[in-house]
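Below you'll find the structures, each written out as structure tokens.
Note that subunit A is present in both complexes that follow, paired respectively with subunit B and with subunit C.
Up next is the complex of A and B:
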């Protein structure tokens, strides 16, 4: 990575580490169980949002079907634990299962042009949910229960989730700054032009979809282990897939920190507002989406960036530090 | 020794033959021009050779190996690159990033970012766009976008370069600079196939010219021979009834 050239460059480099350190040290300050639970949920959902953003944001292949990877992660982790493995081995299995599933969706549809991938992601979600509703070894529609032979430790769940979201941020940052990330951005803008420069759009999409699915699978496993009980109508629901997509879109599609911001907002809205005012959260999402689509396609992060540019002080500084011309 | 051998290449769009039994060889390190009236099949020929369209019949060989119907990304890695008549820059990326993609994924397959940026800068210098490197590609004028298109194709380090109307929309001075560039690229060992409507430009720069008409090869030869070929004049200007009457 290149050395940052101005203040905002240094902030970008330092802030993630400060945030990470704060999250690691937070339990020492004795927060309430509810704060830990909320941060756990934020970390889990942000991980899925970051995963989705790799294929939906960076590569421009919109998927409504990430609930499949989330649910598969949940069930795979549960089954691994059922057969006596550690949950952490279960998370690895969850990532692998989700990646395999991603190839089932991607192999036939990424070859086609047009909306086939999007349509397939909707169809596969519904199909998998129906299958899981009727699959007897996982309890069908009545769900699955995980039993652990040790006392419930919220902090272990918390740290696992923080590790997952840190991994997702790290993977996203590395990809965004790599030649692979550059190719993905090229594919998003014009996949034929990208192919004319030697980029293979088909295999690129397959791999980034698999990485995205893997991260989402891990998040599903971590979520399921803490919830200890889950059912297909929850983890495989179409609305779960929408939630995963909502975070990067609200926060800032295609960026690394947009989904993080979106994840924080998502959990606040889900946990605080939807409890007090049922269905009110849908109005909030709807309004946010309209504002974002009409005014700022780059999401809240884009809006923040634009606001900062309004300060003349900041502007002068960027002009000094920026490239000539 | 021919770098590219095209044998009876045919392409139908529905019932219309855009290319019909077109055969020719491209000798190494030459600039080979392709001309013909609108709809003669020049762009289709490029699209079929570079894998954007699958041919309905015929064969394309690179260095004696069959590459018919191979996809564009694989061909770029084998050293065949093309530009498009209608430019397609990645507008939400900077000028240098546009070229960097080609350096990373072209024949050289450079992995390190710093090395790729150096190579990209060299390609931009060739088309005199290095001073625009940090700008967004959307900020370029049409002429600059045309040059960016050429820089990207050059950055893949091609052995065979297919250029489709790179001078459309360029000023006279820019066109002359582009012709000089083509000579330099050829001296660097790259073979060029070149489609252009600007007759002056193509006659000046090409070693050989192939004329297409209604998807078929009409004539082939040195620029001066092509200029005097009766069938070529007929294809462009129509039958010279007036002249024959006078002679009678």
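Up next is the complex of A and C:
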């Protein structure tokens, strides 16, 4: 890594570590259980948002079907724990199951031009939810319960979620700064030009889809372990897929920190507004989506950048590699 | 099951295909001209159902007449939506991230405004037609409402075909579908045509939604399963052809109707023949979609074209 040239460069280097350290040390200051729960939820949803952002934001392939990976992660972890494995082994299984599922969607659709991938992702959530609602092994529509033979420890869940989100940020940063990430951005801008320069769009999309699915699967497992009870109408719901997609779009599509910002806002809105006005929060998200797409396609991060000009260096980079839309 | 029962199901499937075609055709023309996957289509379907529901409840307008009234109303509504939102999208040959998310956001807004207005309950439209049926022989009985809905849908499809092939608007639409740049060079006003096309697509969505509302009960989430079916139909039809839509609608309707009565072998404590449980029926469109994507990505028409070319 090169030495930062100016103050904002230094801030960019130092802030993530400060944030990470603050999150690790926070429990020592004795916060309320609710704060820990909110931060746990933020970490879990941010992990899924970061996963979606890899394929949707960086590569430009919109997926409405990430609820499938989230739900598969939840059920896989639950089944692993049911058969006496540690939950951490369950999370690995969750990632693997989600990655395998991602190939089922990607293999037929990434070969084709046009809207096929998007259509398939909508279809697959609907189909998987119907199947899971009827599957007897997992209790069908009435859901699945995880029983752990030890007392409930919110801090353990909290640290697991923080580890997951740190992993997601790390993976995103590594990919964003790698040759592979460059290839993905090239595919987003012009698939033909990328192919001419030696990028294989088909395999690149397949792999990034699998990585994104794996992260989402882990998040699903962590969520399920704390919730201890979940059902297909919850984890496999179409609206779960929507939530996962909204965070990066609201925060700033295609950037590493956009989904994190989006995740924080998402959980605040979800926990504060949706409790008071059910269904109202989706109206807000819909309007927000329209406004963001039409007025500020780079999301809140783009808005912040425009307001403060805090990161001139990064701005130049995203303009070079950003979405033409 | 004997032959008459199969014939009964076949007739029902064909009647359903008429509505399916009217439902998917709006999406096809919008995709063809603008290369936008119109996710808000589901919202327009839902609004169409509530439109005829409100007309029926407040002014006792016959639902079929209500569906026909939906055509001009939704045409204007669609043009407005295009003027306010859609025209700002950047043009592209393939569906862009921005267009998908914009139409999706608009669908969310429509859906949740409907929740605010009509609540979560399932609604349905009951007319004297709903419970009466036409009987042929002992086993074949076709509900009259299906016949009426089919007639209305086919009539509007025929009108659309005439507009498509015999008017200047239809000609410019076809030109834009075939080659957007070529069409602009020879003087097609693409913004105007896109606006009218979006209006047309919305009109057909509202119309089909009103017809579907006569057949099924509906809630603000009504459009979602039909959105997926519309996708399957237009993918089967090769995405951009109106004739393909009719073919795709017939294939989907027949497969859906027969999926639960065709036995298939399955291993569960020995090989036996099983029937698909009706609760799994919603999976059929998706399975069909994947099969079509793998075997014939250009749709049925593409398959035929390839066969004819090699022959």
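Operating definition for what follows: the second predicted complex is superposed on the first by the 309 of 325 C-alpha atoms of A that agree within 3 Å, B and C clash if a C-alpha of one lies under 4 Å from a C-alpha of the other, contacts with A are read in each partner's own complex, and residues count from 1 in each chain.
Keep this in mind: a contact is a pair of C-beta atoms (placed from the backbone, for glycine too) under 8 Å apart; a residue touches a chain by one contact, two chains touch by 3 or more.
Everything numeric in this text was worked out from a predicted model, so none of it was measured.
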(request) Report clash or fit for the pair subunit B and subunit C bound to subunit A in the combined superposed model. (result) fit
(request) Report for A:182: first if it touches subunit B alone, second if subunit C alone, otherwise both or neither. (result) first
(message) Looking at A:190 after the superposition, I want to know if it touches subunit B, subunit C, both of them or none. Which is it: first, second, both, neither?
(response) first
(request) Return first, second, both or neither, reflecting whether A:200 touches subunit B, subunit C, both chains, or no partner chain. (result) first
(message) Looking only at subunit A, is it subunit B or subunit C that touches more of its residues?
(response) C
(request) Identify the partner contact of A:290: answer first if only subunit B is touched, second if only subunit C is, both if each is, neither if none is. (result) second
(message) Looking at A:33, would you say it contacts subunit B, subunit C, both, or neither? Reply first, second, both or neither.
(response) neither
(request) Considering only touches as defined above, state whether A:134 meets subunit B (first), subunit C (second), both or neither. (result) second
(request) Just the number, please: smallest Cα separation between subunit B and subunit C in the overlaid arrangement, in Å. (result) 8
(message) Just to be sure I follow: which residues of subunit A are touched by subunit B in one complex and then by subunit C in the other one?
(response) 323, 325
(message) Going by the contact rule set out above, which residues of subunit C touch subunit A in the complex?
(response) 31, 37, 85, 88-90, 92, 94-102, 104-109, 111-113, 115-116, 224-225, 227-228, 231-232, 235, 239, 277, 279-280, 282-283, 285-287, 289-290, 293-294, 297
(request) Quick one: which bits of subunit A touch subunit C in the complex? Just the residue numbers, please. (result) 56, 60, 62, 64, 108-109, 111-116, 118-120, 122-124, 126-127, 130-131, 133-134, 238, 242, 245, 249, 253, 279-280, 282-283, 285-290, 293-294, 297, 323-325
(message) Residue numbers of subunit A touching subunit B in their complex, please.
(response) 177-179, 182-183, 185-186, 189-190, 192-201, 323, 325
(request) Would you mind writing out the residues of subunit B in touch with subunit A in their complex? (result) 50, 52, 71-74, 76-77, 81-82, 84, 88-93, 97, 100-102, 104-107, 109, 111, 113, 116, 131-132, 134-135, 152-153, 155-156
